[in-house]
Amino acid sequence: MKHEVNLEKYQIHTDLAIDVLDRKSDLKGVKKEVNVYDNITVTDVCLDSINSLNKSKGNYITIEFDDITDSDNYNSVKKVVVTELKNILKKMKIKNNDKCLFIGLGNAASTPDSLGPKVKNNIIVTSHIYKLGTLDSNYRVVSAISPGVMGTTGIETHDIIESIVKKIKPDFVIVVDALASESIDRLNKTIQMTDTGIHPGSGIGNERREISFNSLNIPVLAIGVPTVASAAVIVSDTINYMYKHYEFNKEYIKNPKSKLTFNNINYLNKNITINKKDKEELFGIIGMLNENEIKSLMNEVLNPIGYNLMVTPKEIDFVIDRLSTLIGASLNETLHNINC
Amino acid sequence: MKHEVNLEKYQIHTDLAIDVLDRKSDLKGVKKEVNVYDNITVTDVCLDSINSLNKSKGNYITIEFDDITDSDNYNSVKKVVVTELKNILKKMKIKNNDKCLFIGLGNAASTPDSLGPKVKNNIIVTSHIYKLGTLDSNYRVVSAISPGVMGTTGIETHDIIESIVKKIKPDFVIVVDALASESIDRLNKTIQMTDTGIHPGSGIGNERREISFNSLNIPVLAIGVPTVASAAVIVSDTINYMYKHYEFNKEYIKNPKSKLTFNNINYLNKNITINKKDKEELFGIIGMLNENEIKSLMNEVLNPIGYNLMVTPKEIDFVIDRLSTLIGASLNETLHNINC
Amino acid sequence: MKHEVNLEKYQIHTDLAIDVLDRKSDLKGVKKEVNVYDNITVTDVCLDSINSLNKSKGNYITIEFDDITDSDNYNSVKKVVVTELKNILKKMKIKNNDKCLFIGLGNAASTPDSLGPKVKNNIIVTSHIYKLGTLDSNYRVVSAISPGVMGTTGIETHDIIESIVKKIKPDFVIVVDALASESIDRLNKTIQMTDTGIHPGSGIGNERREISFNSLNIPVLAIGVPTVASAAVIVSDTINYMYKHYEFNKEYIKNPKSKLTFNNINYLNKNITINKKDKEELFGIIGMLNENEIKSLMNEVLNPIGYNLMVTPKEIDFVIDRLSTLIGASLNETLHNINC
Amino acid sequence: MKHEVNLEKYQIHTDLAIDVLDRKSDLKGVKKEVNVYDNITVTDVCLDSINSLNKSKGNYITIEFDDITDSDNYNSVKKVVVTELKNILKKMKIKNNDKCLFIGLGNAASTPDSLGPKVKNNIIVTSHIYKLGTLDSNYRVVSAISPGVMGTTGIETHDIIESIVKKIKPDFVIVVDALASESIDRLNKTIQMTDTGIHPGSGIGNERREISFNSLNIPVLAIGVPTVASAAVIVSDTINYMYKHYEFNKEYIKNPKSKLTFNNINYLNKNITINKKDKEELFGIIGMLNENEIKSLMNEVLNPIGYNLMVTPKEIDFVIDRLSTLIGASLNETLHNINC
């Protein structure tokens, strides 16, 4: 019997460029550079207009880190974020005196979707002071809005943004949004910046129109953090770990020393080759599917019965607070000439 | 020695039409009607274009009540608010299928100024459902925004509103805002509705441009509740009470029966004539000033030393919650054909 | 090769009695009664002292519902909750004038764990009024505390509760807590009441000592709602759904009519027999495990690599608000002689 | 006619020792030392057991500052607060390894009364880690509770504290509470520390029993910030300013140079002698009263008609956030051996 997964039916939904990179091996029109600072990994991807990832042409910088609750780690991550913000604004040819409109997307009343509005509350706005003629030269002209989400305004978010841009005429826009993640290990531990803007289906709120240079006619820097994942993602990730765990245990059982240390071992740190035959043995038909096919199958199984929940870790309140402080402070340092 | 109060120097700041009425006796171009339901007083004032109050031409409905923490009182007040909302929308010639944009003015992060954003959170929005073609006929097309305040957006609030109105083209606008009060006894106990909109200097945030038919070219219903008062208002009110207390005590001392009941007496309920000579005796030069002059003097004394605080009662969190629930539910009943 | 799952190593963690019931077929010392009202299912389980579920002797009432955002559903569920609260208090022999101490367990600062403190904010407390001698006869003597969680107080929660109980001497205690769930379909859609109290490992905060008649010497009614689930639970549930989906599709493919309706079908509503051979074909070795073994395996795979996240649906803010309003109002109606 | 103020009838309510000092000139049993650092004034008052202030014997340290929104000022004030905390703990003979119970008094749901609970959220608690035997030597054993207020618990706060102290046996207690102020210029700009504890009528919630060495048998450090004032205080302060303004203007009118600078002058900075005759001329009978008598009269006038509101400045949300961060960080630095 052949499996019946219809791979076209379910669009794999990911907002992170590196998620897509992870799944692909043919990389035409893609330049990639990875730098590691202590526990922080920065992946810089540049896509040509005809790239093989079906993503918009442009730069995608992804900063991955482990923990920002510790104040040392927080400071290391902030330093990297400020450096990368300055780099991408330079690539976007933003000048020091260009006027910025900051947009905090998302729903302030829903913790996992409140990253944008919370960062907005941390942004130092100066536009009204500039008009009074009393703005200190260290500060750039910055305004900031939280347009809300369509479910609570009744208005498509893009319409609010477009009309305000038309009225106040900023030179460039920065948007911050909470994203959906393709893998649980990146949840709340990744900051993505891109000069390609925000695209349909991105973000938790799922607004329908893009916020980008194309739609606004000014440069748009989009900053996103994955804060939710679907049940399908969790299952698919787990199946992957099960393969590794299975191979690791097989290897391990042959080694008599292992008895002593078993409980302390993180098998992910081991170099494990996953055997195709073992996958089938462990997982039957499911074991014959590749990751994309498994995700599609999960969606096919879970969507019609309403169980493909978008979930968020239970510590989300503390994580969002910390992330919005970090991103707000990084933006203030980058936009203005100050230390936060 | 003559007193040196410069009455022109300080503009008396009030957002409530009935505050102005209270101070004036010459009433050209003013029609006034008062109705009392239980403990709720509704004052309906209609001003001609050349009225003697220096207020915009139009209708001002003021609903005064005592307490809405009790659920019976809450329901009585809500009933009156719904009736008056329907009345004024009728006078404004708003039709049942006219599209409404609700605007919650003020700063969500500052409790006494958060009335507008909190009411916004209670409004049932339908505009996005209408576009999908699935709106139940009981519901009007409503959208809702909280534009924030200039201090946190850097953008003049009027500019945000004007550009969104231009884009989404509602038939009329309803704005809710927290106001400054001219007397402590109206604080959090008055709802004012007017078809004249919101004017410069009104509201706690003190934005500079009006939100009205003149500026938006569509009808604007403004709903306001006084939630803060200045120290000058408190002092001026108290001096007034001191006169009454003084006269009451003088009267009272002559009456031997009074000894038994003294502590339970609310002297405001008594009919007391305040004697001009007594005012001078009690208060010296200050006693020779009228209420306007006293308020001006207070501003003259307190402003240069930075003590003319805007204050709010310490129970403000509970009051704002209750008021925003009441106004939100009243608007939902009025705008849609439903019970809340 | 034999699979290496050590079923003793991982304690299956569930707070809901019906979760355990679902897994067991041998039911000594267990009485069970199920009643269905519209879409609300009430399961009443009574366990003898030597029952086969390894749960404390006593009554467990479980109320399952679908949705409480709609106000009709909300009212139906509230009615059932009040009825069941009255029933269980009667079984516990609580008298009308018995003094109640309400305890809202959990961390107010963490949305999925804030159910207890939020319900506490909705409880009408009367103990201080009773002491003044002015308590209306409709009201019971009720006090209420939120002791916080050990992570933010440094104190074992049981110690706080025990010392306050000793001091104020209530006749019985009601505790409300957020729980961990064993299945995603019960998340935020189940209210469990039990006269057996709260036990180690229950609740999100994982305090170590029980809160029960044994530890406090007065009756304890515990009310819990599952608000978080582990990644292991999500995977295990999904594997279950995959079997059903697989069998359904096999059945379905034989039926030519199915082509027209495929997308609208919820296969859970169909009567599907899952074939043991098919399980193995679909899932290999995994397909040979029973549900308990799968959960244990998931824990074995996910715990050592730190991916066994406790997660909560992204709508948790709205859900917790609604649930805490419902439970608070139900308790007020039950404890006092009033309508909420 | 003589004025009828009954000075015994109204107890003057103040929580700040320096308020009392300001009103008195006879100072038996009182030692006072004032130090000024930049814009920060530290007043150290030590009262003997038979002092003339009717306050408990002990040390009262009052730190007065202007502004802590600016980050430089914030850091200067924090440095002074840490120094003074260390001083007073030394005077109280608290040793480095003494176990601390922190108590955040007040109502978390009422902004002006939420200082205690908000500081509590910033305290680093370690007691549970200490019990596991893994506490770093830089840290003291600290636990922390927010007992709530009687209006929302039904329990006298002292009873909760006493029973927890008995159970967990700390070596000393630190309580933080929001206070009522006697003068508007100290509102939110004063931190008082005292080893005499919290006394009846102190604090906004007005609990009835003291929290002190006498009631708990261990040292109690009480930290308070005045966040609310009564209308009577505002009026009385203003009358005081009016005298100064009057004398200043009289002086000023004689000086022809004054015409040019009038608007920029803060008359409080001038050395002005207030003439008794002028007071009467300006204020009639009221001008013959001293400050105490005026406050009593205000209470007599305002209390029976329900207008003696406790008010708080409209910026209270931001102020409480900043103050609770500052006091929390200062306590963490003082209790533990760390930098915040």
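A, B, C and D label the chains in the order they appear, each numbered from 1.
In this section, contacts are C-beta pairs under 8 Å (C-beta built on N, C-alpha and C of every residue); 3 or more make two chains touch, one makes a residue touch a chain.
Note that this is a predicted model, so its numbers are computed, not measured.
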* Structure fact -> Co-neighbours of chain C and chain D resolve to none
* **Cα-centroid distance, chain A relative to chain C, in whole angstrom** => 33
* **Rounded Å distance between chain A and chain D, as computed from the means of their C-alpha atoms** => 47
* To do: Quick one: report the Å distance separating chain A from chain B, using the average Cα coordinate of each chain.
  => 46
* Residues of chain A touching 2+ other chains? -> 109
* Asked: Tell me, which pairs of chains are in touch?
  -> A-B, A-C, B-D, C-D
* **Interfacial residue positions of chain D with respect to chain C in the complex** => 108-109, 121, 125-129, 141-148, 150-156, 159-160, 162-164, 166-168
* Structure fact -> chain C residues touching chain A in their complex are 1, 4, 109-113, 184-185, 187, 204, 228, 231-232, 234-235, 237-239, 241-242, 245, 249-250, 253, 263, 265-268, 280-287, 297-298, 300-302, 304-307, 309-318
